[in-house]
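Each chain gets a letter, A, B, C and D, in the order it is written, and its residues are counted from 1.
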Amino acid sequence: MMRFRALAFLTALVCAAALAFAEAKPRARDLGVPFDGIPGPNNAVTDVRGVEVGHTTLISGSGKLNIGEGPVRTGVTAIHPRGKNANDSVFGAWFTLNGNGEMTGTTWLEDSGFLNGPIMITNTHSVGIVRDAVIAWKVKRGEPDMEGYWWSLPVVAETWDGYLNDINGFHVKPEHVFHALDSAHGGPVEEGNVGGGTGMICNEFKGGIGTASRVLDAKAGGYTVGVLVQCNYGRRDQLRIAGVPVGKEIPEHPAYGQDVGSIIIVVATDAPLIPTQLKRLARKASLGLGRDGSYSGDGSGDIFVSFSTANPRAAAPKDVHDLKMLPNDSLDPLFLATVQATEEAVINAMVAAETMTGIDGHTAIALPHDRLREVLKRYNRLAK
Amino acid sequence: MMRFRALAFLTALVCAAALAFAEAKPRARDLGVPFDGIPGPNNAVTDVRGVEVGHTTLISGSGKLNIGEGPVRTGVTAIHPRGKNANDSVFGAWFTLNGNGEMTGTTWLEDSGFLNGPIMITNTHSVGIVRDAVIAWKVKRGEPDMEGYWWSLPVVAETWDGYLNDINGFHVKPEHVFHALDSAHGGPVEEGNVGGGTGMICNEFKGGIGTASRVLDAKAGGYTVGVLVQCNYGRRDQLRIAGVPVGKEIPEHPAYGQDVGSIIIVVATDAPLIPTQLKRLARKASLGLGRDGSYSGDGSGDIFVSFSTANPRAAAPKDVHDLKMLPNDSLDPLFLATVQATEEAVINAMVAAETMTGIDGHTAIALPHDRLREVLKRYNRLAK
Amino acid sequence: MMRFRALAFLTALVCAAALAFAEAKPRARDLGVPFDGIPGPNNAVTDVRGVEVGHTTLISGSGKLNIGEGPVRTGVTAIHPRGKNANDSVFGAWFTLNGNGEMTGTTWLEDSGFLNGPIMITNTHSVGIVRDAVIAWKVKRGEPDMEGYWWSLPVVAETWDGYLNDINGFHVKPEHVFHALDSAHGGPVEEGNVGGGTGMICNEFKGGIGTASRVLDAKAGGYTVGVLVQCNYGRRDQLRIAGVPVGKEIPEHPAYGQDVGSIIIVVATDAPLIPTQLKRLARKASLGLGRDGSYSGDGSGDIFVSFSTANPRAAAPKDVHDLKMLPNDSLDPLFLATVQATEEAVINAMVAAETMTGIDGHTAIALPHDRLREVLKRYNRLAK
Amino acid sequence: MMRFRALAFLTALVCAAALAFAEAKPRARDLGVPFDGIPGPNNAVTDVRGVEVGHTTLISGSGKLNIGEGPVRTGVTAIHPRGKNANDSVFGAWFTLNGNGEMTGTTWLEDSGFLNGPIMITNTHSVGIVRDAVIAWKVKRGEPDMEGYWWSLPVVAETWDGYLNDINGFHVKPEHVFHALDSAHGGPVEEGNVGGGTGMICNEFKGGIGTASRVLDAKAGGYTVGVLVQCNYGRRDQLRIAGVPVGKEIPEHPAYGQDVGSIIIVVATDAPLIPTQLKRLARKASLGLGRDGSYSGDGSGDIFVSFSTANPRAAAPKDVHDLKMLPNDSLDPLFLATVQATEEAVINAMVAAETMTGIDGHTAIALPHDRLREVLKRYNRLAK
């Protein structure tokens, strides 16, 4: 990923961390956090073949809030279910655990069973610009969508970064959206203070983007489940890591006094699921959040979207489609994988994120790795 | 269909009218009511190949209500999606237009996307006995269901017949349920005062069971949509037939002063639809009701269920299923067929039903055929 | 309403027709279309006290489509539940009859039961710009919302005007949104080719904005129900007006060969309804559409939103709120009023709209008033 | 509670354990399991004033399954929101985490926002008999319900006990339902192998009925949240207690190889919540299950119902009701209490349940208390 070129009206722009750097950072299981299940090669949503993720990260300015001027701590993340060059829908579904948030495009996702185009995640007040920019990006390609419609209903979700970011300055611009879309890639996914997650706070530690995956054993079909979260929820004293009350053990430097945050969860799989089944998969992400201690406060926009990369061309114009469908009674390993990958992706977001100071000197501290290891050890839960 | 054999504890029991008789009765279009679209050979839900319908009709006693003794004006109707001898699920879905009613089994229908076994319709206070009797009927077959479960979650719906029937006498018994299940058949469907519809009232005329169907033209796939209703809703002055304000023109002998009734609508098709699509089909039945003038009052249980007989064995134990799916952008003719068949099935129920007197001398008069023709003619809408 | 001032980057902009002119135009009932129920003084959504409606209408250019240049036939409509100067939420709810469309803000509407701020309607590809502009408009006021949140989740809906309008030129700009918001007013509402409805097509006639209202009698509480639609749905041959098959009788000059359109329906009332009840109210709008002949095709975004202006300050910070709630069994007159007002608002939209030619010479003809009267008369349904 | 009197056709019947005995049994926190939050005086759903719980427990026979003869290990549990003598609805709502189960009465619960009468829980194949028996029990009282309707739509839920119980023998009879309804009481609630929970299995240990409560501090309004579960879900290796992987540490004597079970969760509160808010409360129970390690398998009927005892007479016939409503932004302590009480109620069910042998010698062992303490201690999580 290259540095995004400055444009005339550009606010300062900092790219997502280079891959080499991202890989050098320890992830939760590197620190000895024990998780169940077998992750894929990147322990990332991109372990589901075809999935690509791109980030645009906007960091500039410091000090006192000056609306429209900054400080800026925000961005946008794009997830392409079949890669940025595909024009092929996927079966999809969604679920709301707590609705204090926005995910556009869900009405048609619900009724059609299809997700057309990318999933975008950004800050609360930039959902509109991102949505229309996705349409503009599609318009350049000059085709109707896979279902034959000439209009687009993009899926764009958000969490609120106004504690660190000049959210009312509307700093996300169309070119940032295009960059996230165009720079998306497979392989390792940048985590922490990147993309839509740049200014996010999770359990009163610095949060942001996190990801994880699980691979089912061959008997269960060998399918992969990948999860990506934009993590901005939670109260410190509720945080559990691997069941250990880590939040209570590390009470220092809370960012907020209450749960006003949110989490967007994207669940991807290559298992051949139809929309009815994908809705259930999305709903199960709740249980992973439960393991981490969330109680999903009134201020949370805990909104989840799921898709399956199986059944290519299922939305193409044709008389009758041939589909593959996993039987319902084979879903258990996928449900469990979703719970496990969600549980881990949230912790990965906090482990990857670094302390950040934003508007008005507001600071969210990173989860201290050494303290985490100490606490896990005291509860006999340190894996290595 | 033969007279159901009397049993020791039996209340008097009157079978559904013999087929020969049923066929002799004029239906709405025989009276010159104009409807759009092309019906199937029986203009009935059974035009969807495999669908079988059975009724048990319970009529006994007259005069003053004596709870537990009668008068009895009730029954039960069974709809087998693939016939009574199949052990094969169908894809299904449901929708509630107004929820003052019961349809059991919908939670798993919603989540699994499958309908296992028959759809039953009876009176409000007999839903439980019918439900457990369906399980008993399945238990006799001694197998788990198609999805491998050893339990059953039958779909049983109801409307309230307590204006004519001793509903608190609980007159529906397991053997009546078995009879409806076992006597189900394809071909013409008995309408009016039969089965679950025996004591029902529709737009303040005598209501009950009605059915209709539509066949798509070959370009649209040649699929069939069949609708069966148990019709117990509506206020006279709202009734429209073929758009004509018939209810206002025939105000005599209203049965009720307000809409306290309900309608159960079953939509069947052989088009290869997945559950997401079937839910939309069920929802469209609302528009057929709208054409007939319903405003779906607070007391209505307007609950609709839909299924597709395509994709046999889709719930069987297997690694991965091969399915057929119609593209979403081919659904329009099915949506229109559902609206049209619903519009007609309601009118068919009223046309077939005959004046009935029940408890305490309460009477619901039949829609007078000659008056209907007169009114249609006055509005230039008489088809023949 | 004054002419909107031209800005530097402005496309040509034509204001909504002046009120005087709007009032001079006949409405459906002026032409003798018979409708049931008693309308309010303006027969408009603004008969619900406090409701204000504003339009920005963008019409410029003609001839061949040149993306970004025009022709432009679009706009934006704002509905303020309590007027443009209120900072007070209303109880609200929503419903989807067919989901091929967008209405942002519904996840929180669903979960909170509150609608914060205005409802906006525009074209499909301008939803994002309108959404963010509503936030910017609120930011200028510098307060958290009524529920204490510092973020906004505006409700913005759309239908597709790309047959007449250069929709991919993204002609709606923030200042157009501000104008619609700031120019909103009570009293008569402009109908037809105005605001978000400017380029819309309904039953293959020119469509757009329509409105109607009903006033309950004193015994039922004397409440008002107002409906506003942005009408862009339907196939000509299905159109019924007052039950008469007008679409079949006036087959000339169809704009499309299939139902690819949509309808947004806003239902307002001053009856004290809680969100559970408002959801039912929204759902009943389907039955009004049914009366007009809709079958809600796959391409339709038929999405409805409802609100109650009762219970002011119900979302204000406070220990415990005192609410008023109408009993469920008093809802029938409101349900019927919703059905009736929806039925009429759609016809009002077509009656008000005027023939329009847009991109590439595409033309949508107005419903011919004289022909309509002829047809109604032939079916003995002309009211005067 | 007295021994239920034998009737002519009676199967052997064993009453719920006497209260004195029930109180003598240790509960989870007595064993040193650490839980957050402050429980009410009984740490039970009955801490919400007015709530009464009654059980009928049916245990008879042993050895080989003889359908209709036994062995019998089943029962029925009744929860009266306002006590058995009230004829007053409560606001209510429901949520499905996984739908492989039944809860009748939810369609009207959803649409009306009211719960009329008791919540019943039994085995899967006795839902019907229990439903109709609740109606019969109401009929004896001879009144329409609070909303003026003469019909009843009881709420009856289930989980499957066919591993231990002759479920196809249909051993629950109307008199057992009446007994559960009539014997309901406030104060301590019998847990474990009682009522509907008699034959249930949870995380491959013996399960059944469990309960817990939380009391909010005065600043948060001092409200109480009570939870009652019928616990029949889960795979041993997923079980976490207070975050500790207890299931993996005590792998002996698993009852099943897969998650084919379910859980019904009842959430009660005296906080003045409207139905929209109660739906959110029900949904949060998922997070409590998540803390205990559930992944909510395909075979699970994880269905939750919630109600508020505030707003008495809200469904009574009246012009307009006066309600109290807690603001949305005061819900967080109630959400957290729901999560905490759910987490504890599940563990309480397992702690109270005793080893049971049922049909065909199938045995479900009790969670061994001493082993539990050992494991908690090893993970530094033993509270005392």
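As a convention for this text, contacts are C-beta pairs under 8 Å (C-beta built on N, C-alpha and C of every residue); 3 or more make two chains touch, one makes a residue touch a chain.
Here the structure is a predicted model, which is why all the values come from computation and not from measurement.
Path length between chain B and chain D in the touching-chain graph (shortest route): 1.
Note: the chain lying farthest from chain C is D, by mean C-alpha position.
One inter-chain figure worth recording: chain A and chain D are separated by 35 Å, centre to centre, where each centre is the mean of the chain's CA atoms.
Here the CA centre of chain A is 46 Å from the CA centre of chain B. Among the residues of chain D, those touching two or more other chains are numbered 98, 111-112, 149, 280, 299, 328-330. Of all residues in chain C, those touching chain A in their complex are 67, 96, 98-108, 110-112, 124-133, 135-136, 139, 149-153, 156, 160, 162, 167-168, 170, 260, 299, 301, 303. Touching chain B in their complex are the following residues of chain A: 111-114, 147-149, 221, 272, 274-277, 280, 314-330. Per the touch definition, chain A reaches chain D in the complex via residues 97-98, 238, 240, 242-245, 258-259, 280, 283-284, 286-291, 293-299, 328-332, 335-336, 338-339, 378-381.
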